[in-house]
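Heads up, the next two complexes both have subunit A, just with different partners, subunit B and then subunit C.
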Partner chain A sequence: MNERMRSRYGRRMRHRSRSVAVSIALWIAALPLVYLAIESVLELVGAPALWQAPLQVIETVTGAEALRFGVAAAAVMIGLVLLVLAFAPGRLGRHELADERMLVVVDDDVLAGALSRAAASTAGVERDRASTSIGRRKADVSLRPTSGFAVSREDVDRATERELERLAVRPAVRARSRIEQAGVVGR
Partner chain B sequence: MDGTSPAGRVSLSSRAIERTLGALAAEELGVPADTSGVRLHDAGGRLGVAVTAPVALGRGRTVLAAAEAAQRRVLADGPTLTGAQISTARIRVTGLHDVEPRRVR
Partner chain C sequence: MTRSNRFLNRLALLLLAVIALAGAALLLRPEIEQYLLEPAGLMVPSLGLDQLGTILPIAIIVLAVLAVIVALAVTLTRGRGADGTAIEQDAVSVDANLIEGILRRELDGEGEVLHVRLRAFGKKGRTLLAEVQVRRGADLANVHRRVSAAVATADELLGEAPPVVTHITTGLRTRFAGSTRTH
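Up next, the complex of A and B:
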């Protein structure tokens, strides 16, 4: 697998697929066209309209004030939703890990767990005293120390940085740690 | 794992800290260690200590002086013995303890 394929597949797994949005948009576009086609043919052969003649539909919609605004508002809404779906990056909260042979994509929860574990073991506290939230490019690690036993922020920072280096996460993540003021009396 | 520290984790149970600090205070108050009770709480990341213990009769000092001595002892020797940073020590004297052992006649 060469580098280009790898980065393309990685991108695919880190982003939401647009296929559902695309197929819905296509249906929305296709239905009126099919309707127009059917009614036009019926009109040509002189048969009665299946539902309503297109001109009549336009007349009904533009006739009543409320209906006109309703239809316009609905069109605007659908348009906005489609625009957002089209242009938003659709990230899935995952990162790639460096691996020589395969493409490894992990959920950010997994990454957060790894960082919390590194932070907690450095600080010598239980694993559940560290929590991490991960964004695309940065991770915030917060740690509750044991009362009476100060934890060095630099040590925790170093440990989380080392963990990130070891995993070689992509896109690169910077970790920032915070030692909470209040501690917990150990058991 | 990373080579800088041995595998595993060393932790001090709060019970051990409680008993150590209790023994310190009891020694200063002149009573057996098992007569003291200790509560630990968090004080802004440091340790807050509350000791309840009786005080020994005699020894030519006031109860207050004995309690203050116990407090100083906990604050001074507690950190060295347990490694914990102690911010406050409250001593509550709950009774008088007769140190002379009673003889069975």
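Up next, the complex of A and C:
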């Protein structure tokens, strides 16, 4: 896999596609037009309208103050949501792992699990006593120690950093650990 | 991962946003004229919809047909790209299931891997997307090493090394599998 392909696929895998949003937005735009088109056909063939003739529909919407403001507010809301969707980066919670042969993309919850595992193993506690939240460039590891057994924060930091180095995560992530004050009885 | 053009998706969303905001501006035209345009000495001519007569229904029908065609075309063509042919060379084609089988066999016994699925993408030079579902709290470095070894075995058996994207993920199986393997 060449660098160009790796970069392209890496970007596609780490960012959300807006295909579903585009399809939904197009149908939202098309449905009122379809209704007006049906009314238009009925008007052209001289059949009674389902509700009102197209021009009357427009006059009704623009004539009633509350209805006009309501429809305008809905259109503004839809417009703003679509603008955000068009311009937001749409990052997915994923990172890449260095690999010469292939592109490896890992979900952040899997990465978080690996860091929790490393932290818990260093602290000598069960895995479910460590939790990790991953951002784009940092990971916060939280650990509940066993009551009566001191856990070195530096050791946990070293273990998680070592794990991140071993995995060669991209974009690079820095881990920071926090040992909770309240411990738990038992392992 | 699909072949959908991501830039076109964003462009379509931007266009639809502009249309929605323009529609809102038309509905709020009296207020916009009163508070923004008139103080600035600007006047906008009336749309004169009532003077359009029979052109308006025909214009609406044409617009609606176009909107439905575009919506149908976009909906039906999104998400395409994946199929079952992993490698196509001269008269020989290799099914993605075969490579998926090789990966599964190689990862069989690796307790932290729950499921492997492989699909092929792209018109020219097929790219393989291997989705590897793992247990909660899996040893990621070990999973990565095992998947790399499995892909190397597949390369050896196939006699070539197609581009591979490996996605290490979780899913429903992860939710029900628990964090450790039990025998």
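Here, the second predicted complex is superposed on the first by the 151 of 187 C-alpha atoms of A that agree within 3 Å, B and C clash if a C-alpha of one lies under 4 Å from a C-alpha of the other, contacts with A are read in each partner's own complex, and residues count from 1 in each chain.
By our rule, a contact is a pair of C-beta atoms (placed from the backbone, for glycine too) under 8 Å apart; a residue touches a chain by one contact, two chains touch by 3 or more.
Predicted model only: the values in this text are computed from it and were never measured.
A.B. asks: Under the stated touch criterion, which partner chain does A:79 make contact with: subunit B (first), subunit C (second), both, or neither?
C.D. replies: Second partner only.
A.B. asks: Once chain A of both complexes is superposed, is A:184 in touch with subunit B (first), subunit C (second), both, or neither?
C.D. replies: first
A.B. asks: Of the partners subunit B and subunit C, which touch A:104 in the superposed model: first, second, both, neither?
C.D. replies: Touch status of A:104: second partner only.
A.B. asks: Once chain A of both complexes is superposed, is A:124 in touch with subunit B (first), subunit C (second), both, or neither?
C.D. replies: first
A.B. asks: Looking at A:49 after the superposition, I want to know if it touches subunit B, subunit C, both of them or none. Which is it: first, second, both, neither?
C.D. replies: In the superposition, A:49 touches no partner, neither subunit B nor subunit C.
A.B. asks: For the three-chain arrangement built by superposition, which of subunit B and subunit C touches the greater number of subunit A residues?
C.D. replies: The partner with more contacted residues on subunit A is C.
A.B. asks: With both complexes overlaid on chain A, does A:147 touch subunit B (first), subunit C (second), both or neither?
C.D. replies: first
A.B. asks: Applying the document's contact rule, which stretches of subunit C touch subunit A when the two form their complex?
C.D. replies: On the subunit C side, the touching residues are 1-2, 4, 6, 9-14, 16-21, 23-24, 27-28, 49-50, 54, 56-58, 60-61, 63-65, 67-68, 70-71, 74-75, 78-79, 127, 134, 136-141, 144, 147-148, 151-152, 155, 161, 163-170, 179.
A.B. asks: Enumerate the contact residues on subunit B facing subunit A in the complex.
C.D. replies: So the residues of subunit B touching subunit A come out as 2, 9-14, 17, 40-48, 82-86.
A.B. asks: Within their complex, state which residues of subunit A touch subunit B.
C.D. replies: 121, 124, 145-150, 159, 162, 179-187
A.B. asks: Could you please specify the touching residues of subunit A with respect to subunit C in the complex?
C.D. replies: Where subunit A meets subunit C, its residues are 1, 5, 9, 12-13, 15, 17-23, 25-27, 29-30, 33-34, 36-37, 39-41, 43-44, 54-55, 58, 61-62, 68-69, 71-73, 75-76, 78-80, 82-83, 85-87, 97, 99, 101-107, 109-111, 113-114, 116-117, 127-128, 163, 166-167.
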